[in-house]
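Paired with chain B in one complex and with chain C in the other, chain A is shared by the two complexes that follow.
So, the complex of A and B:
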């Protein structure tokens, strides 16, 4: 793997260009379906990429990452409905809340070994899911938080308009991804990869393993919460499904489909998964059948994520 | 939360008997599924996320077989044997291709199988709920034990599951095959080097695991309704059982399945809204205090 220690100028430039293209598209051609897709992708991409900070970077397989996505969505939606806070403040508080929740859950989980870590995160997720379901007076139970979010204007942006929501989500997602990229390329990110590759050696070098893992878990939880905020904006509320197991599953598959060793792998995976769902939903009601077969083909055919596959193929060719 | 009702229940023998029976039913069915999960993990180090699908298909196959043969016993046999066969096919065709690769790859394949078969069940049997109905032989007045009502089918169900637990336990500890399986759980490579056909052994383990899950699905069909996606909640619970009992331990699976069953049985009275939450709390507590599980060896 190439060194990631270079300055982030190139990444920032790529992100700026990508953002510019995404923002220019609606002025050239308005397509509600495309805008809708980008809004959903922005939430999913943040969610999947934050999970990959754990899975790909640190080697921590969390089955319960959806809990932070759901918590972010609920915290944000509740704050918007119950208080008069402005949208950015509510979003920041929601992310802060999710980060703290991740810190608490992580403090309990990160010392367990791989298999048990996976299961305990799943248990925590299901615990939070059943709290959401049973605390009806606050969360609306299995109906979810309905009634919509009050659409307060921010800086002249009106989020009831799809275009403005699209722009807002694109900016947040690109900034979030850039931040994650910086974290993963930083010395801290290198430490995490070192833990993944050989935890005893890393420990001998003086790295406190649980502390680094806890940081990774907390940061990943916070970014998943940010994804949840975008999801809450999109559905204009919050639903228990956001915190449910299949949602964590979706993120894991996005990560796996795209590739765990490439930073943009999860983003590509999320896009593929969403596009696949959309296309299949139009053709047949049996989405699971088609999605399952596609996953099987990828898993058995490529044996790794798409982006990882191409990187390996490309580096073989160039030798 | 209704601790008052729980207290009232615990002091009346009728309520204790009824709730214990329903707890034992849940626990025993869970044990049959979890035994397969823990066996497969113990020997192959594979977390079979598709195990709930075996359970679901077992139930549906039994449902159809009952319609065709009109014999509940044949229906249960059909459910169990077809899933044993399905287990072998699943292992040979899919899982064996990813031995030794990333855990996530196995997860991905299992999830694909879950998605595919949930939809196949929808196509074949329809998306609606099916009720199998109580078999003819058991449509008799319930037993009364210490004032509690126990349908005879429940008693038979618990009996069958207990019998399987004993057969499995004795089989693993005394028969040649059982000893080979336990040896493979410790070091499969060594067992292979000693001349045992581990490919066959792995297939057998999957057959037994799948068969048990199919059996559980077929046995549960008269008391629960059949629906696509029903395997999922069973899967999660059987994981909880496996983790609490200790991954790879059959005795642990039995103990923790009964524990979960009883927590469910009495939890529905004390915490009707939060029974699931209660189980997750039990699991988290046990993982923290004894990460290897009640009966597990430290990894």
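So, the complex of A and C:
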């Protein structure tokens, strides 16, 4: 393991180059479809990568991560519709709200063993989803929060413009992923991996297990909320589907497809899932069937996520 | 000026136009793509495919007549599964990547609101063909400059239904009513809206019990026994599609229809097909009926649809057909395809169509249609399934709709 300082600089440099490339593309060639894809990927990448902080790093499989994605979207959309707050302030408050919600939910869930943890996160998601559906006067019920979001300009940026939204989402996603990377590479991230590998031994070392898990759960919830904010910007509203369990399933798919042991695995998984969905939707109505077969091929053929597969293959080659 | 036009200029211009002619012709020969998105998979895919069937017939008809502005049309179909996020993505993809110049949004409820926001940011005309939620066009904050609705509107149906049912209830002296509607926003909001108008026309109306089955509930035993035990004189239900046919089939076992009068606005041909023994005497609205309006044009369209697809059309089918008829007339009038030009042409436009109560349907200034056929009658077990259909009074509908809009602070 390289020193944190050196690897941190290298990662920041990689992130800066990636961001630069993404930002330059529209000036070379405008493709609305590509820009839409990047906007959706930004939301999904944050969502899936934050889930992987739990699944891959800590060994906590949460089936209810979608609730924080949905809560982020609703909190942001409601603040934009009901208050005069500026967009960044509303976004930050939405993330803060989601983080607090994750703290409360996590306080109840994280002490449970793996199986029960998975069940109770799913139960909480269903609870949140039911509240969204039932609290019609606030959330619009199953019709969702309609009427669009007022796109107040921020520093000359008008997010009603697709280009500006694209730039904003790319910057937020790259910064968010970089932050998650730093968390994952930090001593705290190492502790989480220790818990995943052998929780008894970690406990004997003096680590308070539930506290570390709760931190991980809260941070992951906050970043999922940030993903939800971007999703709300894309659809100009918030809909219960964002907080429903199939959405959590999408994030789990993305993580498994891309690879749980590579930091960028969930990002690649999210990109593959979105691209597959877009291509398949053009060709057939049996999307579920096609997606299921593709995922089955990856799972049975590679036996691990795509990026994990290549990493293993690469290290075998170099030996 | 004539001095400027020399022989050379004329020659050059002539050569240029000769060279350019194939390009112009090719540009004109380019197919005009129209994007259509709907629910084409899942439990209510039947409604989405019935929209697509109707549009395919319209495509053939319009192309046979020379297309739009001399260009043949091609409708591009996409399945959104009814998910708002996917609906927003598809609407943008249809315009930005698939080169669609017009949109038909055949989504239901929440997805149509997501599409509305996409349309707001693009200069493209869009017609919502299936969303009945009134606020989509009634609320000026939600209405979009280039988006229109060619579909039933919840408030219109509620007024028409309540007037009919109030007369029916008074004639039969039915004061004690029960309701049974799906437990989600549409079911609860629309039931409340019907009851509000119903009570306005029949103040002594009393609702003695309410049942709220879940959407897609397979077993209605509990609901049916609850309703029978409450002993209402009549039942109003907003169940629809598979839920309604399951409810009627199971209600028949308990002889529910012999114990109370029943009224529903949601009987459609596919529901009738799925009911084993349709009880006679259910008070029912006509979503789409070949015999209402009872005109040769309506019957001809219904039968042509049946002949082509071997199934009967739904309410969504006629709505999509009328959307294409509106596009056809608006494009002729505006001689353009741009969102703003078409919006100007569509606003206030009146077209001749078999689905209008008087053979016409009008696109009102608030981007929604009026004058479409709304009728109530009673069921019989065999064709034409609904008889004694009375047409609703559009004057009264608009009067009460205006009152409702004022209450909602839309105007």
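By definition in this document, the second predicted complex is superposed on the first by the 312 of 319 C-alpha atoms of A that agree within 3 Å, B and C clash if a C-alpha of one lies under 4 Å from a C-alpha of the other, contacts with A are read in each partner's own complex, and residues count from 1 in each chain.
The definition used in the following text is that contacts are C-beta pairs under 8 Å (C-beta built on N, C-alpha and C of every residue); 3 or more make two chains touch, one makes a residue touch a chain.
Please read these numbers as outputs of a predicted model, since none were measured by experiment.
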First (chain B), second (chain C), both or neither touched by A:300: first
Winner by number of chain A residues touched, once chain B and chain C are compared: B
First, second, both or neither for A:286, with chain B first and chain C second: both
First (chain B), second (chain C), both or neither touched by A:61: first
Chain B versus chain C as contact partner of A:20, first or second or both or neither: neither
Partner chain(s) touched by A:249 [first = chain B, second = chain C, both, neither]: first
Touching partner for A:82 - first (chain B), second (chain C), both, neither: neither
Which superposed partner A:113 touches (first chain B, second chain C, both, neither): first
Common interface positions of chain A, toward chain B and toward chain C: 133, 286-288
Residues of chain B that touch chain A when the two form their complex: 47, 94, 97-98, 101, 103-105, 107-109, 111-116, 118-120, 122-123, 232, 236, 239-240, 243, 247, 273-274, 276-277, 280-281, 283-284, 287-288, 291, 299
Complex interface listing, chain A residues touching chain B: 55, 61, 108, 112-116, 118-120, 122-124, 126-127, 130-131, 133-134, 245, 249, 252-253, 255-256, 260, 286-289, 291-293, 295-296, 299-300, 303
Touch list for chain A against partner chain C, complex: 32-33, 36, 40, 133, 136, 140-144, 146-148, 160, 162, 231, 234-237, 239, 241-242, 278, 281-282, 285-288
Interfacial residue positions of chain C with respect to chain A in the complex: 40-41, 45, 78-79, 81, 83-86, 88-90, 92-93, 95-97, 109-110, 113-114, 116-118, 120-121, 133, 135, 139, 141-142, 184-186, 188
